[in-house]
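Chain lettering (A, B, C and D) follows the sequence in which the chains are written, and residue indices restart at 1 in each chain.
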C-alpha cells in the first residue's frame, strides 16, 4: 500500500518535470499533495494518532484545494502566456530527474537507513526535494518557483513523517501555516511583478547585479 | 594564562624619554607657529578643529613612544595614523588631499597589518603583550621565527618610516597637511617608526644574525639615494622636503642598521656609537626638517604657491624667513658647524670604525655604504642649493612671488626657536653625545658608563687612541676668526667703490625673470646622470606660423616614478581586475543564485567526510 | 519575566499602529516602547548572566546567556532604528514619497518584524525557531519591497525565494537532527536543551549531514557566500532603518540558529568538523565580499557586502573556537550590529539627500550634511577596524586567537582581506565624503531624532572600544559559558 | 702658543705660495704649447689688480652675494689650517679629521653656488647647477679615497700623514683617484676649463661671472688655496715625506727642494693631462668621476689585501 502511494508521489513529481504549461504543473502538484494526504492518512491509521488525521486534513484543505486553486487563479488573472519557459527541455529534465532520484538513493543509503520500506520512502522524499529544487532552477516563470518551493516542502514533509514519525504536532501546524503564508505572500508579489514589469519571467529580473 | 592586558601600561626608559623630547621639541614651535599660520587661512571653527587634532596627534605620538604593551601600542599607533589622516585631508575640498589621504592611510594600514602579525607571533611565545614579558620570551624563540618577526616588523615600521619602496605615500601625504602639521609629520611622526624598530627589533627581539643589519643597511642606502634623487627632481617645495625626509630616514637607518650589525658581530662599543649617530641624526632631522617645513609654510602663506618655479627673489621680501630657511638648508646639507654635519660625520665615522674592526668582505660593503652616504650628502647639498636658490634668490618669477610679505610674529618665533636649536645641537655635540649614549646603551642593553666619546667638553673623540677628533666649537671659532679677518681686509685696505648695476645681460636690453635659470634646468644634469632610474621623457610642441618662424614652443619634461609605475600600479590594477572578474558571478539571475545554493549543498555533502 | 515585556511590547505596538492614524505621534510612541524593550533586555541580560538560564512556559522558552545577549543586540539596534525611523518616515511623508497610511503600514510591519526577531533567540524548540526565522523573512519581504519600485520588487522577490529555499534546507536539517535525536532514544520533541543533553549519543553520520543542511540553510539567511546573493539586493532596496535591522540583526539571528545547532554538533561529532565548515564559509565570504567591495558602485550595496564580510569574520571567530575567539565573535556580533546600523542610517540620509545610490554621483557629504558626514567618516573607520573603536577589539581578539592556535594561514588571510577591504572603503568614502557638493543639490536637513540615533550608536562604538581594552573578564565568561568544554 | 704661531705661519705661507702654483701651471702649459706664456707671478698681479679695483654688484643680488667671498675664503683657510704641512700634527687637528675637510669645502661651495643663483643671471644658474652636479659625484669617490688611506693609517686623522710609510699599490691607486678628483675640483680640463668663458662649457667661471674687484680677488685666492691643498694631499700620498731633519743645512735644503719638487711634479702631470685631453661633455663627467670612484674601491680592496 505504502509503496504504491510512494510510487504515486514520485510519478507525479516526474509529471511536473515534463510539464510545459502552467495548468499541467499545477494539476500534477495537486495530485502529489493528494498522495501525501493518503500517506499521512495511512500513517495515522497504522500509528493510531489523532494528530496525523488532523494533519492529513490540513494537507487536503491547503495543498490539494486552496493552494492549487489560488495558483490557478493567479495564472488566469495575470493573463499571460502559460508557457513555463524551460531552460532545460522536458526530455533532458526527465533524465536529470532520474539521475537525481538515483543520487537520492545513494544518499539515503549513506545515511544508514535499512533496506526496508523506509529506504524507499526516504529516497522518494529526497528525490522530491531535489527535483523541486531542480524545478526552481530550470524554469523561468515566477510561479514555477513557488511550486518548486511547495514541492520541496512536500518532500520534507514526507521525509519528516518517515524518519521520526513526524515533527511535534504544534511545530507541524506552525510550519504549515508558515508555508501557507509564504505562498500567499509570494502570490502577492507575483501579482506585483506582473503589474510593474508586465511579465512574470523572473529570469528577466536582473537589474540588480554585482 | 590569558594575560592580554597587563597592568604595566607605561614604560619610561631613556629611549622613550628621548623620543618624547623629540616630539615636544618640534611640536611646541609648530604650535606657536600655527597661531600666525592658520589665521586667515581657515574659518575659526576649522582652526579650533586643527587645535583639537594637533593635540590629539601629539598626544597619540607621546603615547606611542611611552606605552609598555603591544596592544596598547597598536591602538595608539592607529590613532596616530587616523588623526594624521584627518590632518592630511584637512583641505577636504582638494582632490589632491583626498587622494593623498587615501594613499597614506591605506599604506599605513597595510603596514599596521604586518605589525599586528609580528606582535601576534610574539604574543604566541610570550602569552602576553607586555614588552618585558615578550623580551623574556624572545630569548627562547626559535631563530626561524625571529627572522620572520623581524621581517614583519621591518615592513610594518618601514611603511611608516618611508623606507623605499614603501615610501610611496610620504611625498603625497606630507605636503597636503597644513604646514605646521607637515613639520610634525615629517619631523616626528615618521620617527616613531624608527622608535618601533629600535624598541622592537633591538630592545625586545634581540639581534639574531648579522644579515638583519646588512638588510637594513642595504635598504637604508637605497632609501637615501632614491629619496634625494626624487627630491632633486621635485618642483613642489613641500614635496621636495618630503622626499628629503625619505632620504634622511635612510641616514638614520644607516646608523640603526649599523648598530644592529655590530651587535650581531659582538662589537658593543661600536653598536652604541652607531646607534648614537642614528639617534643624533634623528633628532637633528626632526629639528631642521621641522624648520624647513615651517619656512615652506611661510612661503606658501606669503605667496600662495608651493611651486618653486613660480617663486624667486623672496630673500628681499622675507628676509627673516629666508635666513631661517638658509640655516635649515645648510644644516640638512651637513655643513659645518651645524647639527646635520655632526650627525653625518658621526655616521661616516661609525662606518670607518666598523671597517677597522670587522674582517672580510664586510669591510668593503661598509665602505661602499659610507661612499653612498657621501654621495647622498653631496646630492642633498645640490638639492638644497636648488631649493633655496630658486625660491629665495634671483628675481621673482611670477606675481605670486612679487606680492610676498614677511610673515607674522608668531610664525617667526616658531622658526627662530628651531633655528636656535640647529646651532645648539651643532655646538653642544659632546653634551648631546653623552645623553644619547645613555639612550643607546639602554636600548641595546649595555652599560655605557665606561664608554667615552669625547676628549673634553668641546672635542668629540669616537675612539680613544685613534686620534680622530671633531670639535664644532673650534671649527666655528676658526671660521669666524678667519671670516672676520677676511672681512676686515675687505673693508679696511684701500678705497672701496661699489657700483650697483644690472646683471650682465650679454648685451640684451634687460634681463627679466624669464631669463633666469629654472629649477627644472638646474636638475637637468642629475636627471641625465640618473636617467637609468628616473627614466625621464619629454614632450615638445612647436606651433609654426610658417616654415621658418615658430610661433610658440612648449617643452615638458617628466620623470617616471618607477616604484609607482612598475610595482604599485600593476598590483592595484591586478587586484581590481580580479575583483572585476569576480563581479561576473553575480549577474542578477535568480536561477543562478538558487543554483549556487544547490551546488554548495551537493559539494558539501560529497566532501562531507573531508571536514 | 522581562521576556514577556520584550516580546509583548512590539506586538502591542503593532496593534496600536493599526489604530493610530498619525505617524508622527506613533513614531515617538514607538521609540518610547523600544526604549522600554531595551531596558528590559538589559535587565534580562544582567539577570541571566548573574543567575544562570531561565526556562519559562514549560520548556517553550529557554533563556541562557547566548540568547539574552542576542536579545540585547536586537533591542539595541531596534531602538536606534525606531529613533531614526521617526525622522526618516516623516521626511518621506512630507516629500510625498509615501502616504500617511503607508507610513502606518510601515510601523505595523516594523513592529512585527522586530517581534519575530526577538522571538528567535527566546524559543527553545528548534522547529519554532525555524518558524520564527521564516516569519522574519516573510515580514521583511514587504519592507524590502516597500517602495514598490521595479528594483525593490525585484529585490523582494529574490529575497523571499532565495531565503525560503535556503530555509527549507534548514528545515530538512532540523528534521535530520530530530531523527538523530530520536535514534539516540529521545522523544520526538525538538527541544534544544534536551537535544544538547544527549548529543554525545547521536549518530555522527546523520549529524554531519544534518549540519550541512543547517549551515547551507541558515547560512543563506545569514548571508554567507556563496548563498549571499539576495543580501545586497535586499539591503540596498529596503527602507534605510530596515536595512540597518536586516544587516545589523537579522543576519545575526541566523547565526544564532547556526550556533544552537553547532553546540549539538560540537558535542556529538567533535569540534573540528564544526570549525572547518565555519572557517571555510567565513573565508569564502570574506574573499567574495572583498572583491565586490572593491568594485562596488552603489552605496548601500557596498554596506551590504561589508555585512557579508563581517558575517565571515564572525563565522571564523566561532570556527576558531578558542574562548578568546568566541568572545571576539560575540563581541563582533554586537559591534557590527551597532556600526552597520550607524552606517545604514548615514547612507539613508545621504541617499535621501542626493536622491542617488551611485557613489560616483555623491560628493562632498561633509559639506552638505556635516553631522552625517562626520558620523559616516568615523563609522567607516570603526567598520574597518580602526582603534579606538570597538570593532578593532573584536577583530583583534579573533586574530589573536588565530595566531595562538597556530592557524597562521587563516590569520594572515584575515589580515590581508581586512587591509584590502579597508583600502576599498577609504577609496569609496574618501571620494564621497570630501570634495565639493554637486551643483544644484538642495540643502538637506538632518532630523533631530536621527542625530540622537547616531549619537546613541556612536557612543556605544566608542565606549565599548575603550572600555573593553580594560575589561575582558565578562566576555570570556560568556564565551566559556557557551562552549562548556 | 707656539703651535698657534706655527698655525698662523702655515696659513700665511699657504696664502703666499698658493698663487704661484697657478702661475707655474699656466707657464708650463704655455711652454708645452710652444708659447712664451705669462710670468709665474702673474696671479699675484692679477690679485693685486682686482684687490684695488672697484666692484660692480648686480642690483638683483642680496647679502648672500656679498658674504660669499668671505665665507669661501674663510672656509678654505680653515681647511688649510687643518692640514699639518710642516709639523707632525696641525695645531688645529682636534678640530677635525680628514672627513671634516670634505665638509668644509662643501660649505664654501654651497655659498658659491648660491651666490651664482643670486644675481638672476642664467650663466650663474648654469654654473651652479653643474658645480653641484660635479661635486656631488666627487664626494663618494673622495670618500673611498679617504677610506683607503685611513685603512692604511688606521685612522682618519690627517696628522697620521706626516710620517714615513711604504708606498703601497693601494696608495698609488688612491692617489690616481685623488688626482682625477683634483682635476674636477680645481676646474681643470677635461672637466672644466679655467681659460675660457664660452657659455656652454664653463662651470666655475660661470659661477663667478658676476664677481669683480675685491670679491673676485677673494674667490680667486680661495681657489688657489684649494688647489694647493689638493696637490699637497696627492703629493703626501705618493711621495710621503718625513719631518725635516735639521742636522745640516744641505739636508734641510734637499728636504725643502724635494718638498717643493713633488708638488711641481703633480702640477706638471696636471698640465700634461690638460694639454693632451679634450674637454668632455658635462654628462660624460659622471663617467669620469665614476672611474675615480671605482679606482677608490680598488684602492680599498688593495688596502684590505695589504698591498
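In the analysis below, contacts are C-beta pairs under 8 Å (C-beta built on N, C-alpha and C of every residue); 3 or more make two chains touch, one makes a residue touch a chain.
Predicted model, so just to flag it, every value in this text is computed and none were measured.
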Partner chains that subunit A and subunit C have in common: B
Chain occupying the middle, per Cα centroid: B
Approximate Å spacing (C-alpha centroids) for the pair subunit B, subunit D: 34
Averaged-CA centre spacing for the pair subunit D and subunit A, given as whole angstrom: 101
Chain centre separation in whole Å, for subunit D relative to subunit C (CA means): 78
Interchain centroid distance [CA atoms averaged], subunit A/subunit B, Å: 70
Multi-partner residues of subunit D (at least 2 other chains): none
Set of subunit A residues in contact with two or more other chains: 133, 136, 145, 202, 205, 207-208, 210
Multi-chain contact sites of subunit C, meaning residues that touch two or more partners: 157-158, 161, 165, 209, 232, 292, 295
Chain-chain contacts as defined at top: A-B, A-C, B-C, B-D
Residue ranges of subunit B in contact with subunit C within the complex: 2, 4-5, 71-72, 74-76, 78-79, 82, 89, 92-93, 95, 97-99, 101-102, 105-106, 109-110, 113, 116-117, 120-121, 123-124, 575-576, 578-580, 582-583, 585-586, 590, 593-594, 596-597, 600-601, 604-605, 608-609, 611
Partner subunit C, residues of subunit A touching it in the complex: 110-112, 129, 133, 136, 142, 145, 149, 152-153, 156, 159-160, 163-168, 170-171, 174-175, 178, 181-182, 185-186, 189, 192-193, 196-197, 202, 205, 207-208, 210
Residue ranges of subunit D touching subunit B (in the complex, touch as defined): 51-52, 54-64, 69-71, 73-75, 77-78, 81, 92-97, 99-100, 102-104, 106-107, 109-110, 113-114, 116-126, 128-130, 132-133, 135-144, 147, 150-151, 154-157, 159-160, 209-210, 213-215, 218, 282-283, 286, 293, 296-297, 300-301, 304
Of subunit C, residues touching subunit A in the complex: 125, 127-128, 130-131, 134-135, 137-138, 141-142, 145, 148-151, 153-158, 160-161, 164-165, 168, 171-172, 175-176, 178-179, 181-182, 188-190, 203, 205-206, 209, 232-233, 236-237, 292, 295-297, 301
Residue ranges of subunit B touching subunit A (in the complex, touch as defined): 583, 586-591, 594-595, 598, 605
